[in-house]
Amino acid sequence: MQFTAAQIAMLINATIEGDANASVGSFGKIEEAQKGQLAFLANPKYEDFLYTTGASIVIINATQELKQTVSATLLRVPDAYTAFATLLSKYQEMATQQMTGIQEPSYIAKTAKLGQNIFVGAFSYIGEHVTLGNNVKIFPNTFIGDNVRIGDNTIIHPGVKVYHDCIVGKNVTIHAGTVVGSDGFGFAPQADGSFKKVPQIGNVIVEDFVEIGANATIDRATMGSTLIKSGAKLDNLIQIAHNVEVGNNTVIAAQAGVSGSTKLGNNVMIGGQAGIVGHLFIADGARINAQSGVSKSIKTPNTAVTGSPAFDYTSTLRSQALSRNLPDMEKRIKELEKLVQQLLAEKVNL
Amino acid sequence: MQFTAAQIAMLINATIEGDANASVGSFGKIEEAQKGQLAFLANPKYEDFLYTTGASIVIINATQELKQTVSATLLRVPDAYTAFATLLSKYQEMATQQMTGIQEPSYIAKTAKLGQNIFVGAFSYIGEHVTLGNNVKIFPNTFIGDNVRIGDNTIIHPGVKVYHDCIVGKNVTIHAGTVVGSDGFGFAPQADGSFKKVPQIGNVIVEDFVEIGANATIDRATMGSTLIKSGAKLDNLIQIAHNVEVGNNTVIAAQAGVSGSTKLGNNVMIGGQAGIVGHLFIADGARINAQSGVSKSIKTPNTAVTGSPAFDYTSTLRSQALSRNLPDMEKRIKELEKLVQQLLAEKVNL
Amino acid sequence: MQFTAAQIAMLINATIEGDANASVGSFGKIEEAQKGQLAFLANPKYEDFLYTTGASIVIINATQELKQTVSATLLRVPDAYTAFATLLSKYQEMATQQMTGIQEPSYIAKTAKLGQNIFVGAFSYIGEHVTLGNNVKIFPNTFIGDNVRIGDNTIIHPGVKVYHDCIVGKNVTIHAGTVVGSDGFGFAPQADGSFKKVPQIGNVIVEDFVEIGANATIDRATMGSTLIKSGAKLDNLIQIAHNVEVGNNTVIAAQAGVSGSTKLGNNVMIGGQAGIVGHLFIADGARINAQSGVSKSIKTPNTAVTGSPAFDYTSTLRSQALSRNLPDMEKRIKELEKLVQQLLAEKVNL
């Protein structure tokens, strides 16, 4: 794909300085870019690269002053970094939309229903009665189990496994290696010390605009659905147990885990490696610090907690600071004991 | 598959009320079920659905009273939920047993030995000299390395990777994305600060009736075997290091990790995100709380520990509670210091 | 492959006792080994097996005395275990080098450039403009995205996913299921509570001699590169966030996580399940204990820290020990309060 300075200026609402017909086909760092590439300059500290760059087009801040003439076509915008990021975002979207067709060999059950403009990569498996919406992109080496439904514009990265009967919404992104719909961890203890599996016959529902990172695991419900609500963002290596509900726009950082049947409200933020025990309720807007261990429901919205077990953020920080003073406190108690013994002895002597 | 009320009644030992020839082919929630579906009513709170459901057969509690006539055939049992779960379990087993054959394309080495009634999904790789027992089900996109042996009735979900020479027993279930037999983390420090790999030439043995969750990792032994003993249940994203031994019916929750050469006894229970350092011994029946960090062997059976570092459960809870009182304790010490100084000053004054 | 005692003696610099033409094709434990196998005896405690083993060749310590005649050919070396490990290491290397060719079906883009003596396993996907160096071994079910470059002698185990534009050096090993180059977790909060994705347009660079365990995740940079420097060793289930830099020969144990833009120095050691927050600097040689939560930069080289939040190792151990004495400290304060009240009361009485 080739774009002219005029076309890009329209996309990012820029003022053109130089040849409006200059064209580019790829991106480069300003210090390394070659003819036919687009670069940006956001930090004035690197201004000198502007005069030596091989880039054909450079996006710069409207306020950037020039000490010399520049061979590249300049596109001036209020914020060069944001404009560049916007451009990349649009470019990635276009590139993804252009991935279409069915690579061979792949396995697509005859009963599967495929939307318009989809992509199915090589070695991907599409089970019986699967429905793929329009513009769905399934990367290679992916497993989509029987009866799964995937909504429009959703991107499934390589090696994702979606078990049977799960539902994935529109505009969802799931990164490589993530497993959706594996059995919940349900075993009934038997008299002889062994465990009997409790069948896990529910599914997982991932709503629209959710993004899930790489190598995460989201278990299917025992009955009913494990639910990831619209706009939630889940990082890599996260564990979501059976029958959990993750609220709208809730954000969970890497390696955190949520145990069975816990309901997270909307706009909750969970730090990395935090854990939440099962059957709790976490109110809207709660903030759970990294590595926290939440063992009780959080009933007040917007509460911040930290520690394992987790308590109110501010008071925990004070307790943690004091616990670092324990050697000093112990010394003060010892000193007091000596003085009081002295006073007691003297009293006797009186 | 279609089943009549009479057939189902026999499977779950139920009393039939209504048409014994009513037949069903799938399951549904009582409030949504249609003709040809089976539902259940466990909670009397939802009794009203019994009179409006479209289900052809409903399993109900023996004690359930009826206020109106019901169009569905009723199957009465002592506990409707348990009967329904049992039925589902049998149904899933049957459905899995009916998955047979080799999907194409798959890769099966000529030296592999395949049992009766097996299933190998598309894009699965079966290496040289692999042995698959009877009724083994290998889902798509799975890698079974050279010389691996898998026992009867074992189910390997999509995208599992079993490295060469590992042994998996009978009636085992391994969920999607799990890796069995990757190299243990063994590196010998060199004089120049770099590390030299210690070859990991052992294997992993997974005994019968083990279940392992999704995206877990179980490293092969440096020499000998990493051993997961019969009936153990391991959740998602668990790390089992080289030469670890997991005892019979031991249960490990999600994201927990066990370091190299540690031996876990039988019927141990390990909470989520807990960690156990290497070369320890954990006695039978020990209970390790979520997020605990176990740094010493647990020699007494049935001990419960918590905290990082982990200590006796009850005393740790008391210490944790007191540490939340540290601001108060500090205040009390300050007050004592003031009073003692006052007493000392007055003594001087006397 | 068959090797004679004479050939093996040369490889490990051993003295031969017995038939120099005895030959072996595989390894076995001394107590189980059969004709045609090689075993070793390191621990004199197991000497008796030397007289009963079926092994054709046994490596023993130079100092090992014999009470009876031995039918196997003996290879004497200063340290039998080390010699055996060296041999295995060479054997594994040879075996890996002998894996060559392209298994079918696989998917190799026409624009990919393949080096000499490479192996590509079945169901592996090699994208457009990928470069594979000489002796690269790609196991089955692997995804190598567009424009990825992989250096000589690197081994990619089954089910690894490397996203587009990432660079992997020479002599690297990546274990099964690991994801390299997934999107960093970057979302800009919007006024309505939802999040807008920040495009992640950087890549991951994995330098030479790095080893990465199974099911780990290494995110691509937002811009620029996430960097794993030469000789670093990363264990299973590790999370490396966008724009992180891992120093030379730095070692990270299983389930640890490093948040965005943090720079780890050289020869840092990070224990299992530890977490490091974003935008920190960790000095060379720092040691971070298992389950630690590092929330501040570590500026002094070779500092050891522990705890969550993490502080100096020795003082934290003392505070942790004292926190276990809190019930006792609380009792001592109560006693002091009683005595001081008594003294105050008596003063009044005087």
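When the chains are written out, they are named A, B and C in that same order, and each has its own residue count from 1.
In this section, a residue touches a chain if its C-beta (ideal position, glycine included) is under 8 Å from a C-beta of that chain, and two chains touch if they have at least 3 such contacts.
What you see is a predicted model; the values in this text were computed from it and never measured.
A rotation of 120 degrees, rounded to the nearest 5, superposes the Cα atoms of chain B on chain C. Residues touching across the chain A-chain B interface largely differ between the two copies, under half of the numbers being common to both. Between chain A and chain B, the centres computed from C-alpha atoms are 25 Å apart. Within chain B, contacts with two or more other chains are made by residues 105, 123, 141, 159, 177, 215, 237, 255, 273, 308, 323, 329, 333, 336, 340, 343. Considering their complex, residues 105, 107, 123, 125, 141-143, 145, 159, 161, 163, 177, 179, 182-183, 185, 187, 193-195, 197-199, 201, 215-217, 219, 237, 239, 241, 255, 257, 259, 273, 275, 277, 293, 308-309, 311, 315-316, 318-319, 322-323, 325, 329, 332-333, 336, 339-340, 343, 346 of chain A touch chain B. Residues of chain B that touch chain A in their complex: 27, 85, 88-89, 92, 103, 105, 121-123, 139-141, 157-159, 173, 175-177, 209, 211, 213-215, 231, 233, 235-237, 248-249, 251, 253-255, 266-267, 272-273, 290-291, 308, 320, 323-324, 326-327, 329-330, 333, 336-337, 340, 343-344, 347.
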